[in-house]
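Both of the next two complexes hold chain A, though its partner changes from chain B to chain C.
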Partner chain A sequence: MKTGLKGLDPRSKLVLVLCLSTLGVLIQDIRVLTAVLSVSMVLSVAAGSRLFALVKKFRRILWLFVAIAIIQSIFSPSGRVLVNLGGIKLITVGGLYKGVAMVLRMSIVMVSATIMATSNYREIVQGLVQWRIPYEIAFMVSVAIRFLPLLTDEIKNVVTAVQLRGIELDKIPVRQRLKVYSYLIMPVVSGAVIKSRELATTMETRAFRAYPKRTSYMLLTMQRADYAVIIISMAVSIFTLMFYFYAI
Partner chain B sequence: MTMPLEVRDLWYRYPGSGEDVLRGVNLTVEPGEVLAVVGLSGSGKSTLCYCLSGIVPHIYSGNMRGEVLIKGTPTTSMKIPQIATRLGIVFQEPDTQLFSPTVEDEVAFGPENLCLSREEIGERLKTALKLVGMEDFRLGSPNQLSGGQKQLIALASVLSLDPEILIFDEAMSQIDAQGKTAIKEAISGLKDRGKTIVMIEHDLDNLDVADRVLLLREGVLQPFEGRL
Partner chain C sequence: MTGILRPQKGCVRICGSDSAGMKLGEIGRRVGYLFQNPALQIFAPSVREEVSFALELKGYSSEEIGRRVDEVLRDLDLFHLQDALPFKLSRGEKQRLAIAAVLVNKPGFLILDEPTTGLDMERRRVLSDMLRDLKQKGIGMAVISHDRAFIDRLADREVRMHGGEIVEDRT
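Right, the complex of A and B next:
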């Protein structure tokens, strides 16, 4: 049985995630952003997400974060110049500050989203439906999540098929590699279209949209802890924003 | 006596195609019978399945002539949800038939669409999973099942709609020997319960559960004489 944050209703998790993301988007100060990120990480781990495993998995794209910070710094220079290249202010203190803030902001959104991943997508759909979101829309989101791994497999299969024909993608020039990738689009897209058509047919043969409404075997009920999480996260967020905008 | 499934002079041509895939198919399936239809790839087996289950003309268009009657009612005059409560179909590909995070959600999907009460859905879930011998997997994820088990869950999802007729469109083509045995046992169990079954097959080793075998060759249905 799930207990603590793990056992929360997906709707209270969603409110928590929205509060954290809102703070991440609206706040500019990197000290406050760092604090929000730290809280997000603690909550994510407490909710039982595989946060560190995910960070490890995506370590290859971490350099992208550094690149974003530098690019942000180049395009919004201000303050003391740290790196000057031929009269162009490449990195400034103010620019770097904004770059770091951007990276922190993105991290908050991603880390807080991992809290949602601790609920299965059927629960999320049910939560949304009980919030009066149309079932078709909620279900569409859940199917997209379900079929993402299948699409990844499809891409891997097509890439393997190309490599088996003697093309070593790692050893050919970038321009040629891009050309090869453009050839992969057609089989991947057609495979995805066929799968989605088969899925739609299966759903129709199981009486999908037989009536304007449908019953749900699963029924989510909010507990006291859920209400507490919703009230506390909203109150803390509002207080933080008021303090940030009016007191700092 | 009204037969569960009847096909009268059925012709079908896909949109944009110059040739008919089905050519004057006539067929009567008796109550409680297990009928197997065999044929080579491209002989029109899956198209026949689509016509029997109302997918043609309701979902896939094309030029369909003749009649398919489910319990005496033409499929053209019924809507797909109406057909779903009378006839269920299990397809070839296990992955595109399962789209829910748990087995329970998957099997409950059909009855939920029919707006049944939660108590009734619970009963149907229990019965369907018991029929295919998958009760222990109720709270598991379909992704973690073998091919054969996935097909059994797909079958349970259809059975929860309580149809009288079942169609298996090469449902054993992508699973191992153990999975095939499980599906065949499920078919035998369903036959004992009086369900009418049509199996579309290209593997002759799977025909041992069938009462009658017909051959579909180039869109024409004929008696099977041991060779495809």
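Right, the complex of A and C next:
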């Protein structure tokens, strides 16, 4: 039996995630964003997500975060100049501040989303349906969640297939490497289209939408802990935003 | 054997070197690998590009690429489909395309996972003849297949597996 945050109703987890993401999007201050990110990480681990395994898995794209911070810094210069290249303010204190804030914001959204991944997709659909969201839309959300790992696999397969033809990706020139990466798009898009067609056919054969009203074997029931999580996360978020916008 | 999965114990040696320390690209230069599901190794927007892709990146001249691609496309009865979108091909055509893309690189060793899936009798015979030719040229190969007749025509050594165990090993 799931206990603590792990056992929460997916709807309460969704509210929690929405609150964390809202704070991440609206707040600009790096210190507050760092605090929100820390809270998101603690809650994600407490909810039983494989956060650190995921970070390890995606460590290769961490350089992308650094690149985003630097690019953001270049395009919004302000304050003291840290790096000056031929009269162009390449990195400034203000720009770097905004870049770091952007990276923190993205991290908050991604880390908080891992909380949702601790519920299985069937529970998420049921939660949305019980929130009176049309089943078709809830089902679309669940399909999107379910298909994401398949798309990742598709990309991995292409990279493996390219390398197994004797292409050492780290040894070919950047221009050719870009061409190789452009090949990733085709199988991923065509694979998604083929799979969605097959899924649509399968659903039709199983009489999807044959009746306007569906009943469900699985019914979710909100417990006291769920209401507590919803109330506390909303209250803390509203308080944080009020404090941030009116007191700081 | 191809380095996609690393061995949990023991080691796989390719030309005397432990494959654990080799990159996939390095292994791919020596070993041609056909996936069990050919759709997983097809990615280019046309049949011709799928076959020529690796040769272009390896810096071969356009005449050499044209000659090798034409030859392998004709051998595998794909020449008339050279401008087709690979994702729209039938299962058997995809299988032949994946084999063509492997063979065009002229690897020193081949690992073919269920190469006859989706091929009709005539094309199985053609593939069998091609592999026999390669064998005579000194190209080694490991073929994983449920098609006993196909294996019997080719193999010098047959290892039969059941439930993850070797139940027969004969030459």
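Just so it is clear, the second predicted complex is superposed on the first by the 201 of 248 C-alpha atoms of A that agree within 3 Å, B and C clash if a C-alpha of one lies under 4 Å from a C-alpha of the other, contacts with A are read in each partner's own complex, and residues count from 1 in each chain.
In the analysis below, a contact is a pair of C-beta atoms (placed from the backbone, for glycine too) under 8 Å apart; a residue touches a chain by one contact, two chains touch by 3 or more.
Just so you know, these numbers come straight off a predicted model, no measurement behind them.
In the superposition on chain A, A:195 contacts chain B only, with no contact to chain C.
Of the two partner chains placed by the overlay, neither chain B nor chain C lies in contact with A:38. In the superposition on chain A, contact is made by A:214 with chain B only, not with chain C. Within the superposed three-chain model, A:143 lies in touch with chain B and out of touch with chain C [touch as defined at top]. Note for the complex: chain C touches chain A at residues 2, 4, 23-33, 35, 40-45, 53-54, 57-58, 87, 101-102, 105, 107. Chain B makes touch with chain A in their complex at residues 53, 55, 58-59, 80-81, 83-85, 88-89, 91, 93, 95-97, 99-102, 104-105, 108-118, 121-122, 125, 157-158, 161.
Remark: chain A residues 157-158, 160-172, 176, 180, 183-184, 186-187, 190, 194 touch chain C in the complex.
On chain A, the positions that touch chain B within their shared complex are 120-122, 142-143, 146-147, 150, 195, 198-211, 213-219.
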